[in-house]
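Two complexes follow with chain A in common, the first pairing it with chain B and the second with chain C.
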Partner chain A sequence: MILTMWVIATILFFIFRLMPGNPLVAYIDPTFTEEQQQILLKQFGLDQPLWYQYFVFLKNLGQGELGDSFFFRDSVVNVIGKVLPNTIYLMLLSLLLAYTIGIMSGIYLAWKRGERIETVGIVLTLFTRAAPQFWVGMILLAVFSFRFGLFPSGGASAAGTVYASEWEKLLSPSFYHHLFLPALTLAIYLLGLPLLLMRSNMLDVMKEAYVDMASMRGLSKLRVMLKYAARNACLPVVTAMAVGIGYAMGGNVVIETVFSWPGLGRLLVKAVSTSDYPLAQGAFILIAGVMVIMNFVADLLYSILDPRVTLENRR
Partner chain B sequence: MALLEVKKLKVYYQTGRGVNQAVDGISFELDQGSSIGLVGESGCGKSTTVKGIVRVMPTNAFIPEGEVYFNGSDILKSAEKEMRQLRWRDISIVPQAAMDSLNPVYTVRNQFLEVMQLKGDLNKKQALVRAKELFALVGLNSDLLNYYPHQFSGGMKQRAVIALALALNPRLIITDEPVTALDVIVQHQILNELKELRQQLGLAMVMITHDISVVAQTCDQIAVMYAGKIVEKGKGKQVLKNPLHPYTMGLKNCFPNLNQPNKELIAIAGSPPDLIDPPPGCRFYERCPFAMTQCQLEEPGLEELESGHLSACFLREDIDQYRNKAKEVETWLQVII
Partner chain C sequence: MGAIKKTVAGISGFFRQDKFAVTGVLIYLFFLLIAILAPWLAPYNPHEMIREGSQFMFNRPPDGQFILGTTNMGRDIFSQLVYGARPALTVGFSAAFFVMVAGTLVGLIAGYYRGKVDQLLMRITDIAFGIPFTPFVIVLVGFLGPSIWNIVMAMALLLWRDTARVIRSQVLTVRERGFIEAARVSGASDLRIIFIYIAPNILPLSFLYGSLAIGWAILTEAAVSFLGFGDPQVISWGYMLNDAYVSQALSRGAFYWFIPPGICVMLAVMAGFYIGRGSEEILHPRLKNN
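This part shows the complex of A and B:
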């Protein structure tokens, strides 16, 4: 895991520095003299040779220090810390929605195999999966926000609201009011994967002898479906969810932009476009870290959910 | 009154190409405490028969005709709810793939307790006592209850599945290829155990197998199935010693015989007919070394040739002569497929 992170950090470090564009452009007034520019470069440490910058970067990273953002003139940890919770709330709510509805509908569609409802369900799912996120977001905005005025059109809070703490934000109804549409949009997009995965796994598992045998034991259909078929079919879906958390962390650029949601995705775009190396690096390292950790969590979960998988050394 | 009476049972599958007549009008009876072996090669409808009797079938299967009387009432007509009551309490099954018939993510104990608590109205404590009792009955250590199915060996799993089938003191147990996946030594042990248990508990049994030597060891009656039909039926010894149907004669040649260890095994050439569009005459016609013109045109019915011994074949006299011929390899080589 540490090795993976090191490789990622190294690639990130060089990729940003090899990209065209000067970080000072976004930061420095063009009227600054050459001398002032050099002083600033020196302050940022950009006058040092690349290899030296790299080792400083690694050393700081090892201490959990990501440097200061060129653009925001604040430490990267602070800048990311401000928007990260918003992304996490958005992600968790939509993942929760998507996987709950997806798994249940997947079970249902597998159960109704061969009936018309199955065909309709699959077509609908493919539609939600294929629809571009920005389009779904715009439709939802047009209908619920502009036409009926049920939900705000953007942002994470009403204008001028300042929350004293994260807790206060989490307890305020207005926050959820704002969260609902973007989360719904993301959930609609995420829904397809667990649903289709669950359905096809169910169909496979339902062919297993133990599912038939459970019926032959005279257990109720619902029990057979849930305890025998779904319990076994959900294993890969749970793994997909853990990995999905990793993807959802960084993949919300479009939705965050459509709904003006102050989250990590938008920050990232800004960081890249302004050549804000430390910020972009920090954000990407965070996303990569979450991915790596979630993959690990997926392995752990699997060993908990499936007794056949053990973490002990096999002979 | 017979415990189980199957009358002209048909189980068909709706497939993309048409209707597969997998089980086509089979009848047999079974008294309380007795046993019958359904023998035949793969795909002859043995397992489908079981599925039809307990009505746990794939969605494309249906029963166009037939009656299945259990304890006097036609269970094909009973509602799914009543059927569910009947399953495992009265009729239990030792499935074909005992290896995969337990849920891999729950312990064996969990699955024993589940069936006993939900179907047997026992509380948890009683169920656990009973589970241990059952494990002892099939010769398993009761500590093994806490294990997951994948931690069991093949023989242990088979024993556990038999124990599970006995959990609610059923009156009929249907075993579908109960020992096929096991090695010969364990096969022998388990067959003997089954026999003892059956006598001890007064269980009736339907045993399904492709191995004619297995039924010889365990069953009172034998019904030989071919392509969805019963072609010969009788007492176990009658059928094995004096087979009346050419298919049974051929089937006997396919398994080693202890009394004639040097005898060559003879295979029956060809394969069973397509049951989506079965031939009009005898379904064994193409593979039969004694086939006559009549066999191609007309289907022979099951007729009682000796007391209690039925055969569906137009060969009704001088069967000894054919039986001797059937022991020779050349006879079976004549069949041109």
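This part shows the complex of A and C:
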């Protein structure tokens, strides 16, 4: 896991350093004299040899130090820290929506196996997986926000609102009003995985002897489905959720942009388009870090929840 | 020759068996046809700001003259949609090609040689899985410059990972079969065994992952263009969506502008899924019975 992060950080370092042009272009004002530019280069350590910069970069990264943003003129850690909570709220709500609806619909579709409704359900699910997320977001915006005026068209709070603390924000209804559409869009995208996984697991589990046994004991179909089959079919879906968090981090980039949601993904887009190298680097490393950790958690959960599977066997 | 014949027979057999896969292929053929015939199908030049007399045709709703209306700059939306099939297919097929070649090679070599080579290659694959896809493409394209080939390259650098994993595990089983053993005993070289004996058996699988990659690549190009990192010279479906978004088509309720390009992207991705779903039943016949 640490090896993976190290390789990703190294790739990133070289992508940013070997780019054409001086990384300070965005920072340097055209009116700066040659001398002032040299002083700046020194300040950022860009006059040192590449290998030296690389070790400084790794050392700082290890200490959680990501440098200063060119654009915001503030430390990258601060800039990211300000928007990260918004991304987390968005992710949590959409994961909650996606996994609740997904698991229940998966059970339902497994129940209706072979009926018309099953085909319709699966085709609909494929639609949600294939539709570009930002396009779904655009439609929701055009319909619910512009046509019917039910939801705000973007941002995380009404213009001019200042929250005294994170708690006050979380307690304000206006915040949830803003959060709903982006979370729904992300949830629609995430829904497919738990739904299809739950359905196919249910179909597998329902062939097991203990499920037959339960139905032979005369228990109702509902009881057998929920109490006996669904419980076991849930396990892999829980594991998949860890991977889902990783996906959600990546998917955030487009959705946050559509809804002008002040989160990590939108920050990354902004950093790249303003050539803010340190900020783009920091945001990317954080997103990659979450993905790597979640992949690892998924592997762990897999073997903990189902002792029949060891990490060795999966290879 | 024998190998090629076998591959062709395998692929065509799988299409005959499966309605889903056929639908997927038909969708791709449909887009291909539109891309080729674009100059004849599109009533206007997609870049042209259309005017009648001295009057520019801004923001026209759909009517007889403009099937899907015009943009806020007076460009014909239907013509843009038709021409959008070209970059979509260029991106889709070229990314899929790289993905298939790279993923198949990595999978073949890792699966055949096993041991240290396998460990190294699979570790690299794990790392590729740790890199977030869309952010990576954005960062690379953002700094390398917005061109369609940079987008393809950025996608190809990561997308091979799924193919490599699946091909490897398939190779691991194929290499244990009797005819491989026979080839080895009769003195065939490693390269000969890999490319003449093993490769034909896993080619349908790499075609399958290639077709999925076409869909993902088109979807990603749309997302990257939407975020404003697309090739400014090229009118793609993603560019149209970006154009509609920044020109306030949403608040004006110009659904005729931003619905059609999204549907095209969705169809392209669905086609990949359909081919995938169809072939799943052939690759794992067990699934058919339950």
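We take it that the second predicted complex is superposed on the first by the 294 of 315 C-alpha atoms of A that agree within 3 Å, B and C clash if a C-alpha of one lies under 4 Å from a C-alpha of the other, contacts with A are read in each partner's own complex, and residues count from 1 in each chain.
Everything below uses one rule, namely that a contact is a pair of C-beta atoms (placed from the backbone, for glycine too) under 8 Å apart; a residue touches a chain by one contact, two chains touch by 3 or more.
These figures come from a predicted structure and were not determined experimentally.
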item	value
Fit or clash between chain C and chain B when superposed on chain A	fit
Residue contacts on chain A - larger count, chain B or chain C	C
Touched partner set for A:I8, first chain B, second chain C, both or neither	second
First (chain B), second (chain C), both or neither touched by A:L170	neither
Angular separation of chain B and chain C about chain A, which is computed from CA centres of the superposed model and rounded to the nearest 10 °	80
First (chain B), second (chain C), both or neither touched by A:G114	first
Which of chain B and chain C A:A214 touches, first, second, both or neither	first
Shortest CA-CA distance in Å separating chain B from chain C in the superposed model	10
Residue ranges of chain B touching chain A (in the complex, touch as defined)	54, 56, 59, 83-89, 92-93, 95-97, 99-107, 114-115, 118-119, 148, 150
Touch list for chain C against partner chain A, complex	123, 126-127, 129-136, 138-140, 142-144, 215, 219, 222-223, 226-229, 241, 244-245, 249-251, 253, 255, 258-259, 261-262, 265-267, 269-270, 273, 290
Complex interface listing, chain A residues touching chain C	3-5, 7-8, 11-12, 15-16, 19, 126-127, 129-135, 138-139, 141-142, 146-147, 153, 203-204, 207, 246, 249-251, 253-254, 257-258, 265, 268-269, 272-273, 275, 280, 283-284, 287-288, 291-292, 295
Contact set on chain A toward chain B in their complex	113-114, 208-210, 212-220, 223, 227-228, 231-232, 305-308
